[in-house]
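Let me begin by presenting the structure, written as structure tokens, before commenting on it.
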Amino acid sequence: MAHLPDHLLKGYRNFMTTRYPGERDHYRSLAREGQAPETMLIACCDSRSAPEVIFDSAPGELFVVRNVANLVPPYEPDGEFHSTSASLEFAVQSLKVKNIVVMGHGRCGGIKAALSPSSPLSPGDFIGKWMSLVAPAAESISGNPMMTPIERQTALERISVRYSLTNLRTFPCVQILEQKGRLSLYGAWFDISTGELWAMNNATGDFERPEFD
Amino acid sequence: MAHLPDHLLKGYRNFMTTRYPGERDHYRSLAREGQAPETMLIACCDSRSAPEVIFDSAPGELFVVRNVANLVPPYEPDGEFHSTSASLEFAVQSLKVKNIVVMGHGRCGGIKAALSPSSPLSPGDFIGKWMSLVAPAAESISGNPMMTPIERQTALERISVRYSLTNLRTFPCVQILEQKGRLSLYGAWFDISTGELWAMNNATGDFERPEFD
Amino acid sequence: MAHLPDHLLKGYRNFMTTRYPGERDHYRSLAREGQAPETMLIACCDSRSAPEVIFDSAPGELFVVRNVANLVPPYEPDGEFHSTSASLEFAVQSLKVKNIVVMGHGRCGGIKAALSPSSPLSPGDFIGKWMSLVAPAAESISGNPMMTPIERQTALERISVRYSLTNLRTFPCVQILEQKGRLSLYGAWFDISTGELWAMNNATGDFERPEFD
Amino acid sequence: MAHLPDHLLKGYRNFMTTRYPGERDHYRSLAREGQAPETMLIACCDSRSAPEVIFDSAPGELFVVRNVANLVPPYEPDGEFHSTSASLEFAVQSLKVKNIVVMGHGRCGGIKAALSPSSPLSPGDFIGKWMSLVAPAAESISGNPMMTPIERQTALERISVRYSLTNLRTFPCVQILEQKGRLSLYGAWFDISTGELWAMNNATGDFERPEFD
């Protein structure tokens, strides 16, 4: 028999009876015309930081990549399978998004793992290898006895957003389009314990509460 | 100055004024206790198929990986960076999720690209390489002149869900836990033009409308 | 003695006591005036897809041809006995129907036979010959190991509807009247497992759930 | 856009809201288990003589062939496309029905055409050729000035039922199974002007009102 976990079926029924009726025409039009999102959002898999929830976004609004710790690896045209690079290429070259936002968040499990490396979870140690992308930064922080564990973690969460933005700029297509003013890059950090959203200052790299009009 | 695209700031303000107040305590508790999602959801980046929207899910409910065409590559413990495998390992080994759902969707741009391969979008051709995971299946479908383009695409979208489920079972941890009855795998397909959700029948691989109680 | 199978006698008695009294005058008038159905329906013999049931139709409403797999052979004025072509000619030329609907259905035994041809059922092999009408399409589908048996069957069921519609247009009378706007052709597919009716999009050939006013 | 004639959509909606809910489980079970009708019914395309209506039959009950004037051509294993013979073979050999009923009806347009042949409706003259199956009988009747037009027509309608039953017995599979007592053949005639059903007496060939228990 075809089935899904109960909580998903229940949730889907809620969606269909409450939200979908008002968006029916929009979904149909998006199916007919294709998607044309303005913004690509690179976020974490974490169950507490869903971009469409935090940004109350409509269908068709956000092209979303989610991996552990919202990391973008550096440009490596080596013929291997690169999930995140493929998504990036699709968003920039094919969908021609105008914005890319890398969003980190507080209490990130991946970042926490990077700060306290333990024995591998599996012989393949996929998560250890993946988080080794920010290993140099993690080492510079994890040995600092002056910072609290939360401070160390927040620091690395924000460093990793800047790291992903730096790597994004190693992709020729991103570099060129940003220089032409046709693509903008942003950093953000969501505090799951307070609901606060912090935006990165592009000039300084600092995270600040954004101002609303 | 710190800023974000206007549509995100506007959406965030909506979230904070409408949804967040009712979930404030839940977010706080999730921050304090850590996440413990029961379900990992592997979905597409597509802007029209957001899992948290379709399943009306609460914060903490879904651990979500999103890549182009919701693909899981086969198990390859080769020491490279594997975004999806790392997420999988984290969800299964560390968070100990009980369910993994692979959700495809209609009008998938990645699947469309797989059915009509054209010249690479970039020298690295990340998307071409990524979609080559389903190239054998795509070839078996793309040459069939009796099916309409939409029919070919739907067929490959569903094949790719089964393909990802097959690959999930190449990961030793998934295999072992499924055999022990501690992990369940599911397939789903969302029709963005009608809002219909189809669930995969685990016995046959067919997609059917799920029954509700 | 004159007799009929018991289940037919019992059913007929039900008809006479429940439905017929309310339609007595309509039957009389239809006998007196002759039939003038607006729609010809070409359906399968299958015991689970009766047009008058599915469309809750009144006497006089549908002129119905039923053969295995609802097939229309191509126009062949060769002087042989052509059951379906004769019915078509009678409906179009004599009754002047305005619509022709070809309705396929799920789990079609004829289509299943076409996908897995086995040794002939009889020396004449009437069913093998009849289903050979869709043999080229069947071959393009039956060898695809990526699709489930049900998916292959659904694909061929829909292809066969389009095939019959194409053949209908090889009949000069159909061609001419359709061009004059006096005859419309439609495709439909009934899912016997869910009761869902799918209508063919004439522009694309795709099957979609029809919209109701 | 996908659409169907309005009267069909309206009728389908009636079916889904009134009849289908009570038969949902039966349809599902029929989809899962396959059809196993006890009875094959060979009837006319006429819009006023729908077998499922007249016999108030449930889904899965009747395997129904419908062609103009409910004719069965003689057994001809010549490798041509034989719609009715293919249906017969499928019902008898594959579904193993226990009964075959040939049902004629009053005011049959095909029979009327056979009695008053006119210039062909098309160069192919499919209907003329089809009705020529009963041409010898028609000639023996049409020239009889002692019978009224309605009497001549009723006579030929009943002759044609006996003719089809005779032809059914030219099929080796029918002959053998009937001799073994595993297949029974019946004739019936429905009077659309009164709603009366007449059953053929197998011993005499006469049509009589069947007796009910």
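Each chain carries a letter (A, B, C and D) given by its place in the written order, and its residues are counted from 1.
Quick note on the criterion: a contact is a pair of C-beta atoms (placed from the backbone, for glycine too) under 8 Å apart; a residue touches a chain by one contact, two chains touch by 3 or more.
The chain list, named the UniProt way, goes like this: A, B, C, D = Carbonic anhydrase.
Please read all numbers here as calculations on a predicted model, not as lab measurements.
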* chain D and chain B - chains in contact with each -> C
* Asked: What is the chain whose Cα centre is as far as it gets from that of chain A?
  -> D
* Since chain A and chain B are copies that touch, just let me know if over half of their interface numbering is common to both, same, or not, different. => same
* In whole angstrom, what separates the CA-based centres of chain A and chain C? -> 52
* **Chain centre separation in whole Å, for chain D relative to chain C (CA means)** => 15
* Structure fact -> When centres are defined as mean Cα positions, the distance from chain A to chain D in whole Å is 66
* Structure fact -> chain B residues touching 2+ other chains are 193-194, 206, 208-209
* Based on the touch definition given at the start, go ahead and assign the chain network to line, ring, star, complete or other. => line
* To do: Could you please write down every pair of chains that are in touch?
  => A-B, B-C, C-D
* Structure fact -> Touching chain A in the complex, chain B uses residues 1-5, 7-9, 11-16, 18-20, 24, 27-28, 30-32, 34-35, 37-39, 45-48, 50-57, 59-68, 71, 73, 75-77, 79-91, 93-95, 98-99, 101, 106-107, 109-110, 113, 121-127, 129-131, 133, 172-173, 184, 186, 188, 192-195, 197-203, 206-212
* Asked: For chain B, which residues count as touching chain C in their complex?
  -> 136-137, 140-141, 144-151, 155, 158-159, 162, 193-194, 196, 204-206, 208-209
